[in-house]
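Sharing a structure below in structure tokens format, with a few things to ask.
Letters A, B, C and D mark the chains in the order given here, with residues in each chain numbered from 1 onward.
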Amino acid sequence: MTCIMSLGDAVAELIADGNAVAFEGFTHLIPMAAAHETIRQGRRDLTLIRMTPDIIYDQMIGMGMARKLVFSFAGNPGVGLLRRLRDTVENGWPNRPEIEEHSHAAMANAYEAGAAGLPCAIFRGYLGSDLRKVNPSIRTVTCPFTGEILAAVPAIRPDVAVIHAQKASRRGDVLVEGIVGVQKEAVLAAKRVLVTVEEVVDDFDDLHPNLCVLPHWTISAVCPVPGGAHPSYAHGHYRRDNAAYLEWDKVSADRDSFLGWMKANVLDVGPEAFAERVRPLRTKG
Amino acid sequence: MTCIMSLGDAVAELIADGNAVAFEGFTHLIPMAAAHETIRQGRRDLTLIRMTPDIIYDQMIGMGMARKLVFSFAGNPGVGLLRRLRDTVENGWPNRPEIEEHSHAAMANAYEAGAAGLPCAIFRGYLGSDLRKVNPSIRTVTCPFTGEILAAVPAIRPDVAVIHAQKASRRGDVLVEGIVGVQKEAVLAAKRVLVTVEEVVDDFDDLHPNLCVLPHWTISAVCPVPGGAHPSYAHGHYRRDNAAYLEWDKVSADRDSFLGWMKANVLDVGPEAFAERVRPLRTKG
Amino acid sequence: MDFTPDEMMTIAAARALSNDDVCFVGIGAPSAACNVARLTHAPGITLIYESGTLGTAPEVLPLSIGDGELCETALTTVSVPEMFRYWLQGGRISVGFLGAAQLDRFGNINTTVIGPYTHPKVRLPGGGGAPEIASSCGEIFITMRQSVRGMVETIDFVTSFGHGTGGEARRKLGLTTKGPTLLVTDLAVWRPDPDSKEFTVRSLHPGVSRAMVQDSCGWRVRFAGDLEETPPPSHLELQTLRDLYARTKAAHRAQGAA
Amino acid sequence: MDFTPDEMMTIAAARALSNDDVCFVGIGAPSAACNVARLTHAPGITLIYESGTLGTAPEVLPLSIGDGELCETALTTVSVPEMFRYWLQGGRISVGFLGAAQLDRFGNINTTVIGPYTHPKVRLPGGGGAPEIASSCGEIFITMRQSVRGMVETIDFVTSFGHGTGGEARRKLGLTTKGPTLLVTDLAVWRPDPDSKEFTVRSLHPGVSRAMVQDSCGWRVRFAGDLEETPPPSHLELQTLRDLYARTKAAHRAQGAA
């Protein structure tokens, strides 16, 4: 059952050192405020699962919180490479996390299998790709009807899934709209679920019947954090902060400037900072 | 690419003798007008695929059009057994089609695999069920990670999928709302697709982004047939005709009364009869 | 207040559901019991119908598992593949509610055929969602009216697996869910024996004798040592059920055309 | 009207798309080419981005594959698992458009690492959707700027399979799709040789010499016997591309906060 609670309390209760954590959001609704709170609370030895580890994981990696990375595309969207991720892989700074690398199709299928309670996903993939050679989690299954050899990957079953959504109802049901990514699958695949939301409304009685709604009994904690997806965007609420993505390329280029930025913008502030950051970007409210 | 055309032309063009045809619609939006047109055009030797072969297949079976039945639940919803289906299975009248029987989970997964372009679906199912003993299409796959033995069924890939939907745009995009069933999967799994709709609108520009919409390039023909789901219902348009379901139990009890009813209500009328049938049941329009 | 055996059955079944349950209402299952629970002691219960409707609260009982009323009152409606993959197989359902055409003492259910499969005496509707409801839900509640034709020594076809031949049969098949934990008939409340898993009568409905239960059951009935009487329907329970039926009847009569 | 090599590349790529194509626009791929096609000769083209947006028609170029603009102008937006399962793997996409960090003469693409995988000199973003775009789309178009570092004899890592070692390599792997059928660089238009599958220069962009192509390519270049000159951008093509870039720049500047 869902509790509506503060982000600090929710992270303290739900995310522990050593957990496998999926912060999901596919270019949209990236749960940055929850990531910052996790950084502030100093979690260590995390397995960070995410299809697109853009800025959100660059920061966590740079802070040395990752024991393992599971991903399929690591870039700063529209800008270039991730400099903290490069530093950890190329130079081992601040540590050298294990890497499990997939394609998008594999991770999307693996989340889907996790949500579906299956031990593995099968799909037509990795044909001719060297990823099979460097990732022992990529195996095969033979179709018992046609003999076709299909790729198989283990289902993703994170200890915790963390997403950002537009709305929760008072009861704790959650609505995700627009580019919905793999959020539903990540939530249903996880043991525990933390959702930050733009707003809490009375109920969802007036919604179209076929939207992406997660019932309250699939969610552990809902935390209202307006602007919590900054610098990504929340469809219907605020636009992407492109300047922040460009700025990150400079900030993250150097270890000292990175650490200074993290202190000023993450460690020394709280979740309430996000509302201010999206104020000039708002399209509603 | 979609053409908007008459139902008669569409059935003539898309459904041939010997085809595997999936008329889908899970208790809602059952494509009855398209089935009646197929009956009128006298198609034979069809493989009739449908999770819930209620009245729609009872009629086609009784008319001797089926060479094979693939299904998971054959009942007259809220009423009882299907008397024409019973007559064909128990007494071989008017013929004795082959039967491939599944569970809902298996068929839903098999449609899903068909839509996903896979040769088979894997799921946790049929454990301890005798259905495995009578259906050789139910096989197993071993998870290469956990060793768990999962059920496997072949993907459903019909020659033709037939559905009824609320709306099409002029371009031929199709909107399905409410209980969406397996319609999207049936459409994407099929080689050819026939969709009857309640109405054609200019465009879908004002729709919520996350609804169940099938792009025009996935559809072969769109046929406007108001009331085409009668006696099932069309969410937002008209209610179920419960009296018709009860009446069917009586009509279908006897071979002669069945044949008489089919002549009067199917063979001797056209698709335009459906609009009249739903007039007293309309909730809109 | 007087009551019928069917009313007692529905109300006894309703009582077994709790406020926190997520309940999968299969075809042929007592929608009525689930909705009486929701309208009395379990207002927070989540009712799921296999047509894809999550968290429904129908004013009147649906005629089928896919009525518009279920969609209109649901929190959300998902596709049928999603329902069976994410919600049922995903292990999200605490209680699955099933009916049965034929049942044996170990809770195995036949809804497929009476007689041999290839040449049946009666062709029944088939499994529908039941085979995987029976394996994927946390536990299974069964309701049916007693009859020697329905409650038999050996069922003609195992559509949905209960406890197999009893004992550890489920575990041996790799099943981690509980399987049938409750049978409510029009005469009694039954629970499986903890070891043998054979259904055992735990309470007789008011006015029902042991002989009445045995005479309408095709296997030799076991009765619990501490056999109880099922508490009779309360005024609220009975009124809620009757109001629900009255609303349903009125609505469906209004809906049936001419 | 004068034009840059990048403009010629984008326009030559746009020309290869047709009105009936369903085009999957991968990360790093030339959104610009796809949208120029849509805004000139192929108004009916369906553009799909892997974020789940089907049939987008953005006014300005997206910064990422998941911009709000893509969702707002799309016919519909589906989940990412559905995108990869029903739409890509389902065989619904006629053309996949890919970029490359490293490319070999057989259209194999590396976007993973420069140097050895475990100790890379440069860690690149990785495959994203590309490995399965490369295998599931009807055919693959590649665009990239020429450089001896990018167009190499042997790529460091095969992220996305093209024609492997050439010839029948795709068929031997069980692939039924065509793989790379077009490479458009800032200097030339290349097509695979029908037998060897080696990329062969079919036309040089205006003002480009054979030597320029060879000097900026790491493998020994084959030129077609009937080598042509790429038709220069038309006024409409160039204006459409420039207007698109101008709108994009203005929109993104307005959008960047303070």
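In the analysis below, contacts are C-beta pairs under 8 Å (C-beta built on N, C-alpha and C of every residue); 3 or more make two chains touch, one makes a residue touch a chain.
Here the structure is a predicted model, which means the values were calculated and not measured.
Fewest steps needed to get from subunit B to subunit C, stepping only to touching chains, is 1.
Counting hops only between chains that touch, subunit A reaches subunit D in a minimum of 1.
If you average the Cα atoms of subunit B and of subunit D, the two centres end up 40 Å apart. For the pair subunit C and subunit D, the distance between C-alpha centroids works out to 57 Å.
Listed for subunit A are residues 112, 116-118, 123-124, 148, 178, 180, 184-185, 209-212, 235, each touching two or more other chains.
Each of the following residues of subunit C touches two or more other chains: 71, 77-78, 85, 89, 136.
Applying the touch definition to every pair of chains gives A-B, A-C, A-D, B-C, B-D.
For subunit D in complex with subunit B, the touching residues are 20, 22, 46, 54-55, 71-72, 74-78, 85-86, 89-92, 136. Residues 1, 112, 115-118, 173, 184-185, 188, 204, 207, 209-213, 215, 217-218 of subunit B touch subunit D in their complex. Note for the complex: subunit A touches subunit D at residues 26-28, 51-52, 71-75, 77-78, 81-82, 85-86, 89-90, 101-105, 108-109, 111-112, 123-131, 134, 148-149, 178-182, 184-185, 212, 233, 235, 239-246, 280-281. Contact residues on subunit D toward subunit A in their complex (touch as defined above): 27, 50-53, 62-68, 70-71, 77-81, 83-85, 88-89, 108, 112, 117-132, 135-136, 157-161, 164, 169-170, 173-175, 252, 255-258.
Every residue of subunit A that touches subunit B in the complex is listed here, in rising order: 116-120, 122-124, 137, 139-146, 148, 150, 152, 154, 177-178, 180, 208-212, 235.
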